[in-house]
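See below for the structure under consideration.
Residue numbering begins at 1 within each chain, and the chains themselves are lettered A, B, C and D in the order written.
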Amino acid sequence: MINNTRTSHEIHATPPGDLAIWFFIYAELLAFGVFFVAYAFARANNVELFNESQQHLNRTSGAINTLVLITSSYFMVRAVAAIKQGLSNSCARWIAAAIGLGFVFLAIKIAEFNATFATGISLSTNTFYMFYLSLTLFHFMHVILGMVILAAIMVKALRGGYSAENHIGVETGASYWHMVDLLWIILFPLVYVIR
Amino acid sequence: MDTPHKPHFIRPCTRIWLALMILTCTTFAIGETGWSGTAVMLTVLGTAVIKVEMVANYFMGLRRTRWLWRGLVLGWLILVSGLITIAYLMTVK
Amino acid sequence: MQYQSQAVAKPYFIAAIGLFVGQIIFGLIMGYQYVVGDFLFPEIPFNVARMVHTNLLIVWLLFGFMGATHYLIPEEAETELFSPKLGLITFWVFLVAGALTIVGYLMVPYATLAAMTGNDLLPTMGREFLEQPLITKVGIVIVVLTFLFNISMTVLKGRKTSISLVLLVGLWGLAIFFLFSFYNPSNLVLDKYFWWWTVHLWVEGVWELILGAMLAFVLIKVTGVDREVIEKWLYVIIAMTLITGIIGTGHHYFWIGTPEYWQWFGSVFSALEPIPFFMMTVFAFNMVNRRRREHPNKAATLWALGTGVMAFLGAGVWGFLHTLAPVNFFTHGTQVTAAHGHMAFYGAYVMVNLAMISYAMPMLRGRTANSGAAQTLEMWSFWLMTVSIVFITLFLTAAGILQVWLQRMGDTPMGFMAAQDQIMIFYWLREITGFVFLLGLVMYIWSFFCKKGEAQTAA
Amino acid sequence: MSETFTKAMARNIFYGGAVFFFLLFLGLTFDTMQQLPGRDHRENITDSVVRGKHLWETNNCIGCHTLLGEGAYFAPELGNVYARRGGPFIKAWIAAQPTGSPGRRQMPNFNLNDQQLDDLVAFFKWTGEINTAKWPPNIEG
C-alpha cells in the first residue's frame, strides 16, 4: 500500500491500531468472559438470592451509563475518521468529548457505589454483591485506564503528532476504548436486567 | 468508515450509534417491566449480542479485517452468551 | 566471551551446580525417609533434610540468576561490569553465608540455631522456604543490594536493551518482595497472607520476568533472530505473566481465613496463568524454526526449547490441575501440591538456568560450544533429568489423588498415616526415579569435562 | 493499515498492565484487611497463643507438618488438630515422642515443659477457630 490509511473497501491483515493492544484486548475479553460465565453459573446455584439482591441495584444509572459509554465510543469513531483526513484538532476535540463522557460515566458509577456501600454492602455480603462489585469495579478500573490512554493520545494529537499517514496511536486507543464499551454492553443486561 | 465528509449525509457510524442507543433503551425498558423468563432473557441477551457485534464490526473496524480477528470476537461472544443461556436454562427446569 | 568481566559469572555457575547436587542428595535422603521413616533419625530428621533441600534449591537458582546476569549484562550493555571485584566479593559473601546456614541447619537443633542467631530480636524463622536465621536474611539483603547496585550501574553506563531492563525489573522486584520475609505478625492469617507476597510474587511474578529475559537472551544468541522480534514477544509474554500472576496470588487465599471472594478471583486469574507459558513455548519453537544461524551449541538450544515445554507442563498444566477452588478444596496440602512443585520448579527455573549455563560455560572457557561427544552426553543428561522429573510428578500425582480419595472423600476417611501407608508404592517409585535424576545430573556435570572430540570454536 | 506490532506498545502494555493489576491487588488486600478481624477472631490471640506460635516456628514444625494445608506433607495437618484430638492428647503425644518403632516416621522430642506445651495447644486451638471456609473437608485434615 502506498499510504497506510485505511481505504474503505479493502480487507486488512490486522485490525486497526497496534497488534499488541489486540493481544491485551483478547486477554481482557477472556478474563471478563470467564467472570461472566462464573456469574451465570453462580446465579444458577442461588437464583432467589440473585433475583432478590438485583432489585436493589439502580438500573437507571446502569442504563444511562450504557448510553454514555456507547456515545463516548462513537466519539472515538469520529476521532479516528477525523484524523484519517489529517484534521488533528478535530480529532483531539472528539477525543476530549470521549474523555468528558468517560468522566460522566465515572461520576455516575461513583454515586452508585457510594449508595451501595452506604447500606453496608461489601464484597463479602453475599455472592451476588461479590460478583456485582467485582465486575463493576474491575470494569471501572478499565475505564480509568482507558481514559489515561485517551488523554495521552489527545495530547499527542494536539501537538500534531498524528497525521493522515500515521495515526496508529489513535486507532490503538480507540480499539481499547471500544473494548471497554463492549464489555459494559454485556455486563449491563447480565447483571442489571436478566432475572 | 471514512467516506468523504459530505454535509447532511448521515455517516454509517452515526446510524450504528443510533441503533445502539435504541437497543439500549429497549433493554432498559424490558428491565423496568420486571418480566422474567426464558423468552425475556433470550431477547435481552440477543440484544446484547447484536450490540456487541455492531460495536466490534463497525466501531472497532473488524468488518474490514481477516476473518481471524472477527471470528475470535464472534466465537468468544457465542461461547459466553451460550454458556450464560445454559446456566439460565438450568434454573428454569 | 566479548567482555573480560563476564568471567565473573563462572564461579556463580560452578557454585550453582554444586549446590544443585547437594539439593538432589538431600532430596534423595528425604525420599528414602518417606518410605523408611527412621532413616538417619535423629541425626538428620526429615524437617532438617527438607530445609536443606528447599533452601539449596532457592539459593542455587539465585546463584544461577546472578551468574546469568553477570554473563549477559556486559554483553547486552556492551560495556564492562561496573566493578568485577564487587561481583566476586558478592559471590563469596553469599556462598559463605549460604554454607554457614546449611551447616547451622545440620549441626544444631533448629531451636538452638534460633537462639544463637538472635531470632528473639526479630522472629522471622520457622516459616517454609524462609527458615534462614535473621543474620542470613540480612546477609541476603546486603548481597542482593550490592549485586543490584553493581549491575544497575553497568546498565546505566551502557546500552539499555529491553532484555537488560526486564531483567533489572525482575531482579529489583525479587529484592523488594524478599523484604516481606521480615514481616512475621503473631496473627497466623496475616503472617500467611504476606508470606505469599514473598513466595508467590517471586515464583509466579518477578522470577518469570527473569526467566523471560534469560530465555530471550539465549534465543537471540542461539537462533540469531532479529532482537526486535524477540524483545517484542518478550514484553507481550511478561505482560500476560503479571496480568494473570499478580491477582493469581488469590489461589493461595482460599483456605487460610481470607474472605471467600478470593476463591473466585484466585481461580479465574490463576486459571489464565498457563497462557504466558504456552506463549513462551510457541515463541521458543517459532524462534528456533526461524533461526538465521546454525549455532554449534545444540545442547543449549535443546535446553531453551525444553524450558518452554516443561514450564508450560509443570507450572501451567499441573498448576491448573489443582488451582480451581472446588478442586483445591480436596487437593490442598496433599501430594498433588508436591507434584506440581517439582515439575514447575524444574521446568521453569532449573531448566532456564541449565540452558544459560550450557550456553555460557563453553564461552567462558574460550570456545563456542563443546565437542559433539560432550554435547551428546549433555543431551542424554537433558532427557534423563527431564523424563525422571515427569515420572516423579506422575507418581506424586497418583499418590496425591489416592491420598485425597482415602483421606478426604467418602464418609469413612482414613487417618493421615493410614492413608500414607496405602500410597507407599508411589514413594518407592519416586525414590528410584530420583536416582535416575541424579544420574542425569552427574552426566550433565561430566559433559563439561568430557575430553573426547575437539571443541568447536566456530564464531 | 500498516501491519504494526511495535515493541513500544508491548512495553506500555507490560508496564500499564502490571501497575493496573497491582493496584487492583492492593485494593483487594485493603478490603481483605477490613474483613479479616471478623474471620480470624484476633481478639482471642492471648500471650499464650503468641508464645505457642513462636514455639511452632522455632522448632520448625512446618518442616514436617502442614498448617492450614501449607507446609511439608510428611506428617499430619495440624490446623484442626485441637478439634481432632483435644489438648491433653496433643500434650501427651508431643512429650512421648519419638516413638522409636522401627521403620516408622519419627518426630523428635523438643523437650518442652508443661507451660510451653500449653502455649502450643493454645496456638492450635486458636488456629482451629479461624474461618477457613470450611476447610479441611473432614476431621482427618
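To be clear about the criterion, a contact is a pair of C-beta atoms (placed from the backbone, for glycine too) under 8 Å apart; a residue touches a chain by one contact, two chains touch by 3 or more.
Worth saying up front: this structure is predicted, and the values here are computed from it rather than measured.
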Most distant chain from chain D, judged by the mean position of its C-alpha atoms: B
Result of counting contacting C-beta pairs for A-B and C-D, higher pair: C-D
Separation of chain C from chain D, taking each centre as the mean of its C-alpha atoms, in whole Å: 23
Intercentroid distance (Cα basis), chain B paired with chain A, Å: 14
Inter-chain centre distance, chain B versus chain D - centres from mean C-alpha coordinates, in Å: 48
Between chain D and chain A, distance of the C-alpha-averaged centres to the nearest whole Å: 40
For chain A, residues that touch 2 or more chains besides their own: 5-6, 12-14, 16, 20, 23-24, 30, 123-124, 171
For chain D, residues contacting two or more additional chains: 5-6, 10, 13, 17, 20, 24, 31, 35
Arrangement of touching chains [line / ring / star / complete / other]: other
Every chain pair meeting the contact rule: A-B, A-C, A-D, C-D
Parts of chain B lying in touch with chain A, wherever the complex brings them together: 1-3, 5, 11, 13-14, 16-17, 20-21, 24-25, 27-28, 30-32, 34, 36, 41, 44-45, 47-48, 51-52, 55-56, 58-62, 64-66, 69, 72-73, 76, 79-80, 83-84, 86-88, 90-91
Footprint of chain A on chain D - complex, ascending: 1-6, 9-10, 13, 16-17, 20, 23-24, 27, 31, 34-35
Touch list for chain C against partner chain A, complex: 232, 235-236, 239-240, 243, 259-261, 264-265, 268-269, 271-272, 275
Contact set on chain A toward chain C in their complex: 20, 23-24, 27, 30-31, 34-35, 38, 42, 123-124, 130-131, 134
Of chain A, residues touching chain D in the complex: 1, 4-6, 12-14, 16, 18-21, 23-24, 122-124, 137-138, 141, 145, 149, 168, 171-172
